[in-house]
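Going by the order they are written in, the chains are A, B, C, D and E; count residues from 1 in each one.
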């Protein structure tokens, strides 16, 4: 075999987050002379396409797979098949269930990302947090893992009792006005925001699954002239998102580093192909944490954050 | 004698259009009843109402003196009434044999038929071919042709053959020879007489006066959605019948009671 | 020989000689059904699009009773209009195609690609906004033309053509835009014309957007065109029975191609309206456009087999879904339950529709 | 005299079925040409081949002596050939007027018509109602009825009225009276003679021998996919014609050349 | 009077008297087209499902040439079978419904719900696996029955019924399963029967799974049933022209309900097969089942208007998509390019199909 083959399998390749992940992987692969094939589910939660992708990689004789799994536990048997066939499987962004089903995990902690924006929002509101009116704009009704982690992290950070931390929407805290789904895009963000505003026009804290949804929510608020007095928080840290933080559209966002995950993953596959060495997890965790940082120009005591300028330097798309 | 099939006071409206206007109807055992009338007079609607294909807005249907309410043509068929509708009612994409046996398919004898419910195609095809030959429809070159590929007359022939082969109590034919050729029409008339000789009464709707006068025992003249009168072909000439049905002449008052 | 002929003639003629005296005039019947109910029934019978309208009004009333002023506020009611505008515009495109017994799975994709073209042409290439919009509209029309050409000339099933087109256009969209969003703030600053459809218009007490007005006008114009022009009748004829239409002198292929082109153009307008609605140009929006527009069309009473139904019904269909969605949210159902209930209500709405139709015969 | 419409050596096969078998065909100016033949003989296929509705596998069609290749019925219609197909070719869900004017709609005068391309419905409806009254189809109660709700005969009447109203060079009628009543059939025959008196030649396919013998100038006898012979109604009796067409009798060899 | 009657008779009879001597026998014609090509054409004409088969073989050959042993390996080829098994099984259910001129948007959702029922009944309530599987199958059948009942008895359009059902079933699925996956390891340990369809079977050199064999058998059995039993002919008749079918004695409603029930049952089997394929019970799987199965059906040459086409064609259609997908991925096209090319290839495949049909008339 002339070239080392590697596969990148993402949840979708329409979400900018994964697009950037792919760019990072492609750039690194080119640098290291690895032949990279990328795969993606058709929609969020499209599990079978990912299984088919793993099988294709095996058929293709690739050396390793970088995987952001849609269904973290169901994928395990396919992953096992790949590992049995001698491929290195690295989970990116989302850990598998159980986490050791993959050879290694390069992830961001989505729960922590949620906690950060939750704490920030609570701190920002100060005393008003006690009677805040919260709306959460989530991903879709199938409640994929990221969705749950970010949502529950946020509520946890805000100091709300989670009931079952694996389920969105079972909280009984009266401060929660409601949640709606956005499909993670502007259109869905706007629609969901409008629906929730119609339920309660007093909403003043909005958690959004990602920055496009936040931008949509902002449009809905603007349409009724409330864009100034609602706190929108989000997760991702893409360049337009950080720009939106700067413009005051989003109050704060938790920045993640898909490019870093991807390039680290490629390097790990290269190493594995060369001498069979596997990457090691971060000290004290069972995965390699690529980090998350809160981006805002209005820092709050007790919550670590970086400035928008720093965020712009590190943003990914 | 009690009519075998009887309709009383039947009404059917389609939006603004009145197709049946308090219409009565009688068919006696063993007879051939001709039904004639202008286009749109409501003949087809009448036989649809008595054969369960439409539900009348008002009125009653009696079979053998018992009141019946056919919810579907299948009900009527179950009661032994076999109908050739003017639209022929065939599944265009299916073959001639499939259409002839629709709803009463023959199964292979033995295990294949009993357990695997396999159709006995050769038998059905042979039967179909025989029945069509009886009608003189020799031009059908391929018995497995889909019905939609048949010529207009061939299609009608298939429908008539089906009704004649399976009707047990009453056979209703709505313009069975409209698209048929001279030879084929003649065969249908012979078939009708043959069916009658088996004791089965027949309703024959037709615009062909000579045919109707040739085979019918009584003629029901339909006009503007109702039965205008019933005549015997021996008592009146074709011109009289045409005059009644087109409104050129009024029938005698006592005929109306008939 | 002459004598034989005349004999023949007289033969076939004899019983027909009375025809000259036959009755003249059109038959008339007493109708013993009178009164209001019958009038209503008749109105429903001749104007089938009234039926979804009734279902719509019923659902507004029910939600109004359940929710009171929360739902009956100008805010909520105009919100519904704004939320359905995209589906309404796409539904207009979809209606045209479905009336020809086709189906267009690519409407949403064409919409998004057109909006991306408008945005990228302005921001990537620095073309003035009006020109870029024209390119976007042309792009949609072109996609429609390809659909139409494949359906009409190559005679491929519309489902397949537009399924392929859907994937092609969506992939092109992602490849071309590199999944990059153009932010609302940038558009407002540099090319506000792209956001034209989002502009607010005060009519009486209600606040409407240009997009909403466009949707309503579009449907009204199309309803006129379909009903009162030759082209419109041809669209119905083609959908009804393309062979009969061909035999009776309709240029079936030309009609089909024009329908798909117009549908593409309308989708491109929907793309423009999309920018107005969400502010930004986002390549990931509108992915459910096809299924939502088909739903609106079918609830509105247009037959998927072509040739039957009215485009007004589609608008009511879209609004019915909009009312349900918002109403249920306001009642406090969460996302999963809303999803479930909307499924139920769609079936119920069409069942009521069917029932009214039956009663109105 | 040169035929106005001529077919030579036309062949059409459907899979295993041969519908036209090297068939010739001639229509002379100003004449009424009857076409008779068994069911499935290929009459409808023949007129479809000369009117552009099917493309023959082989053979040529000439109009006014010039070879033509109609790609569609619209082409033929553009050349002035108006056809009533046996299947009637109407859009079931559309109204009578819509169907009659399909492809040649009338627009309102003035701005509405010119700029808004609005159809002149009242004018079209009036025209339709007039033409149908000429045929004696008085039973049509509602001129806005969809064609699918008409009775079989009413539907046929609409198709015939359409062809007669618009044909300019040749009018082809495939069994125009099959579903018509006595009165309506008679009116169609009168209409045919009327059209002829306007100098327009007519092809009349029919299974009704008396009708054909009454109006036709020449009779084309079709058998097994080809023209068997052409006769003048004055020279032969109906029995002869029927004998030829059913194969009971062979025509004289010299007739075959005709 | 008697004399007049006999006169009448003789009149209508006179020219018909010769009929007795008319020719007998069925017409036969020379056919001057002979040879292999004509035979092939004829075979194609009478067996329309051969056409997608040809397209399938062509595409396998082309990818084989381009990719060599990577594609022609038993692993890759059986992989395609494994990858299409779910779509193939769902496609069988979909074919039945589409043959009746319906459409079933709920196939994927019913499949997932059934698999969740099988899993949750075993693990949540501790019911033995075979019983739980029976409940799962019953659940699918019930969903199908509701669909069929609404379509046949309430006479709602199948698109609407199954659209509503899709949403209802999917939401129920999420609500009931609480989005929880049951892990493969647990199933293997406690209820291996749930994974039965994933069991491997060595046949010669090829490795097949029980699921793949089930799919093939299912299609073969259904092809037999549709062609050789009365019920099968009724399915075609109902799809062809329901009114004509009703008039000619088919129990249209019963046939429709049985079709939807069978379709639901097959979807439930697909759910079982899904557990075998992915190992675990995952409530988020199979969301694209409807569109993928419809695609397979249409590429396979079954008309969306009902009554025409064969279920074998559906299987070839599913395989065509499977071959394209794997082939393109192995050629190294990335995801969006693959979608784009698959879009193109679907259109091309059907165009070739259409062309072969035309040539073969």
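For the reader, a short list of remarks on this structure follows.
We take it that a contact is a pair of C-beta atoms (placed from the backbone, for glycine too) under 8 Å apart; a residue touches a chain by one contact, two chains touch by 3 or more.
In UniProt terms the chains read B, D = Sugar ABC transporter ATP-binding protein; C, E = ABC transporter permease.
Since this is a predicted model, take the numbers as computed values, not measurements.
Greatest Cα centroid separation from chain D: this falls to A. A count of contacting C-beta pairs for A-C and for B-C identifies A-C as the more extensively joined pair.
Farthest from chain C, judged by the mean position of CA atoms in each chain, is B. Chain D and chain E have centres, each the mean of its CA atoms, that are 43 Å apart.
Measuring from the averaged C-alpha position of chain B to that of chain E gives a distance of 39 Å. Chain contacts: chain E has residues 11, 15-16, 19, 22-23, 27, 29, 170-171, 174, 336, 339 touching two or more partner chains.
Among the residues of chain B, those in touch with two or more other chains are 14-16, 18, 87, 138-141, 182-183, 209, 224, 237-238, 242, 246. The set of chain A residues touching two or more other chains comprises 13, 43, 141.
Every pair of chains meeting the touch criterion is listed here: A-C, A-E, B-C, B-D, B-E, C-D, C-E, D-E. Only residues 14-23, 27, 29, 31, 42, 45-46, 361 of chain C touch chain B when the two sit together in their complex.
Residue ranges of chain C in contact with chain D, taken from their complex: 1-2, 4-5, 8-9, 11-13, 15-16, 19, 22-29, 224, 228-231, 233-234, 236-237, 240-241, 243-251, 307-308. Those residues of chain E that touch chain A in the shared complex are 70, 73, 75-76, 79, 82-83, 86, 170-171, 174, 178-181, 183-185, 277-288, 325-326, 329-330, 332, 334-336, 339. Of all the residues in chain E, the ones that touch chain C in their complex are 11, 101, 103, 150, 154-157, 159-161, 163-168, 170-172, 174-175, 291, 294-295, 298-299, 303-305, 336-337, 339-340, 342-344, 346-347, 350-351, 354. Taken together, the chain D residues at the contact with chain C in this complex read 53, 72-74, 77, 83, 85, 87-94, 98-99, 102-105, 107, 116-119, 121, 136, 138-141, 162, 182-183, 186, 210-211, 213-214, 233-235, 237-238.
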